[in-house]
Amino acid sequence: MLGKLQTPVIIVNFKTYLEATDEKAVELAKKAEKVSLETKVSIGVAPQFTDIANIAKAVSIPVFAQHIDPIQPGSHTGHLLAESVKEAGAMGTLINHSERQLKLSDIDAIIKITCEKGLVSVVCANNPAISASVATLKPEIIAIEPPELIGTGISVSKAKPEVITDTIKLVREINKKVIILCGAGISRGEDVKAALRLGTQGVLVASGIVKAKDPYTILREFAEAIRI
Amino acid sequence: MLGKLQTPVIIVNFKTYLEATDEKAVELAKKAEKVSLETKVSIGVAPQFTDIANIAKAVSIPVFAQHIDPIQPGSHTGHLLAESVKEAGAMGTLINHSERQLKLSDIDAIIKITCEKGLVSVVCANNPAISASVATLKPEIIAIEPPELIGTGISVSKAKPEVITDTIKLVREINKKVIILCGAGISRGEDVKAALRLGTQGVLVASGIVKAKDPYTILREFAEAIRI
Amino acid sequence: MLGKLQTPVIIVNFKTYLEATDEKAVELAKKAEKVSLETKVSIGVAPQFTDIANIAKAVSIPVFAQHIDPIQPGSHTGHLLAESVKEAGAMGTLINHSERQLKLSDIDAIIKITCEKGLVSVVCANNPAISASVATLKPEIIAIEPPELIGTGISVSKAKPEVITDTIKLVREINKKVIILCGAGISRGEDVKAALRLGTQGVLVASGIVKAKDPYTILREFAEAIRI
Amino acid sequence: MLGKLQTPVIIVNFKTYLEATDEKAVELAKKAEKVSLETKVSIGVAPQFTDIANIAKAVSIPVFAQHIDPIQPGSHTGHLLAESVKEAGAMGTLINHSERQLKLSDIDAIIKITCEKGLVSVVCANNPAISASVATLKPEIIAIEPPELIGTGISVSKAKPEVITDTIKLVREINKKVIILCGAGISRGEDVKAALRLGTQGVLVASGIVKAKDPYTILREFAEAIRI
């Protein structure tokens, strides 16, 4: 069960935090796995590229890359090949995170590559209109994250519920199947609960977990909020 | 000895070739290590980000990242942190490869980061003028690679020797210490020999080794050419 | 009548061709105006930024910028401000041309700016999926141009009619009002006729007119093809 | 005399300020010309692309573009062609302003294009190391501007004199001829005087003039500071 992605889901983006680099990344992934096992809530992790292989070996929960490039194998020094993150053990990838925004044609090309390679595509979007725009490209997951709330601890689900409800409305007119997550400022169980109540199928979270004094306890609180 | 970078040196850029991804990347790195052990010639490898950790565990030769970003730890999804490639086992990084060109101020910032973190900087340059420009920023290694010869099998050291001699002349006026490599089209031992004869301290090579039918034999030929 | 944009429409993209720079740009715009007057067919021109003011003074047909940046007035050296192209006399702007592709969030931001400033937005798209993606952002015009046909003289309307019909189908599911143009390889009147027959409301053309020996005659042929 | 660039020189960057767009840009350029005529101090202006032609017709002082792209005439929608800014009347162009930073290889390519086309190259640099790096590429003018002081009113020449003296020292080791300007925070005559005293040959200024209540008076103060 663990290896599969089920909804509701929590995806923890490790970004380039030192608290989630190298050995600390593996430890954090193990805590996520522990919570997932204890609560039966699906939890995925998105570590740095260099840590994917070690984490995929150490845990059974879904592992995501934070980005891949719209390239085929070949002469592309310094780029991120779909095959490389897949063979390292990633089951999918974030695409177009607000800290790594992409050209529209590259988003389209990367989603196509993830389909061909059997990777799960998690496309991030800044606002409801962009979420709808992304929905036409048929990714498996859309994560709506207002950039102005990222890292603030002010949760989108409480501070801007209309961003989430507008997103769901616009996206569902276009795409009935895509999984919709929300993110930005999610730091307590009640933020997660609010996100689900508004109609999302989970959350994308980063500093709320990674920079927490006790990531296990907070992640457990998130998972309990989903379970109840 | 193996772990240190000595000149003359051969650096093999794995790019995003499938022949040098995941397990095949580790195998190729082991062949490079074997040649290095047999010939006492310094050989480094620059695999994809996802393969750095496995390769650094499997071999004792220098491992390089293909790129890092000009960032500090923090909120930078999908970026390459110096600390992440270092903790994974890289001793340095390529910077500004012609397939991953950077803004001038980013090259400057990345070189400073490599100094702070104790990583070896290998800055690539398209032509003699750009090599001189880079030399002022005090990287440890400059690799001159005319992009129009990359992947052609037509070696810069034979087809455009003046590019190499002009580079050495211009760079040495500015920087006496920087190690100068050349690349592009290097596919036979005699190309390597020509490169050294022109005054470089080694070569940066990719398809000539990675796409070779028998990488071990070609790499051995390269190393012999250096040794003699 | 001339100053307004009516459909069907022909938009001539001057790109950075010398044949359509400075005085030659003004001359070409005058030829476009002449054909428009003679045939009552709406024809717009998209010259280089430096030529917008002179052309807008010299002719009465619609003038478009080739790009604007997603910025507000202020400290943005070397960028293209909506106000600057509008005050110079442009009535709208191309956005996301395949030779000047943009991040999805920038396309969204630029369309919003064009609405606020009363500029007509002409968003270019590479393929049917991207056209649909763009349609959700509510531009006034979408121009579908398969990049592999640009500049070839092989017209999309004859070589890849399914690209056009797929685009129209996908776009109309999302947006009933947006004007749909097609481009790439349009070089004869029959290409224009085919484009309209497939359901588009006009064409975006560049080298077919700009590089023609006799632009007036070809443009007249295009306009006749629309009129009949 | 006016049309030529002489040192010491003041270059006024109009950026994308509304106070320096369209007619207001022409008016501001006329004030600059008036001060130049009255004081015999060389003053250049760098307006937006759309305003170059009108300004070049209206005044006799040097006009600069704020950016050009490293392209040849052809199929490059939305780009800035050297020929287009030259034919519009610009005598040169800013390159690599901190608000429009470029890849190193593009800086090199653009400088070569300016040489071929007879345009004056004014390359901006963030710090002394980058200034030296740029000096190897042989532009006609280098403008050192610490980005953290831009728009602050805290002048580099008073707040960070060592940035200027370090720049001059490093640049002169490499290039004896290049004209060195400084910028960022220049807002009073004494800032200009300090800049010259430190060894520069003029200033690059933007908000200090453009956003001033009375640009003529401030610019006159700048010019007087140079004359005395």
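For clarity, chains are labelled A, B, C and D in written order, and residue numbers in each chain start from 1.
The definition used in the following text is that a residue touches a chain if its C-beta (ideal position, glycine included) is under 8 Å from a C-beta of that chain, and two chains touch if they have at least 3 such contacts.
These numbers were taken from a predicted model, which means no experiment stands behind them.
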item: Neighbouring chains common to subunit A and subunit B, by label; value: none
item: Farthest-lying chain, centroid of Cα atoms versus that of subunit B; value: C
item: Cα-centroid distance, subunit A relative to subunit D, in whole angstrom; value: 45
item: Where subunit A and subunit C are represented by their mean Cα positions, the distance between them in whole Å; value: 38
item: Where subunit C and subunit D are represented by their mean Cα positions, the distance between them in whole Å; value: 34
item: Overlap residues in subunit B, where contacts from two or more other chains coincide; value: 98
item: Set of all touching chain pairs, with the criterion as stated earlier; value: A-B, A-C, B-D, C-D
item: Complex interface listing, subunit C residues touching subunit A; value: 96, 98, 101-105, 107-108, 126-127, 129-130, 132-137, 170, 174
item: Subunit D-touching residues of subunit C, taken from the complex the two chains share; value: 13, 15-18, 21-23, 46, 48-54, 66-67, 71, 73-81, 83-85, 87-88, 94, 97-100, 150-151, 206-207
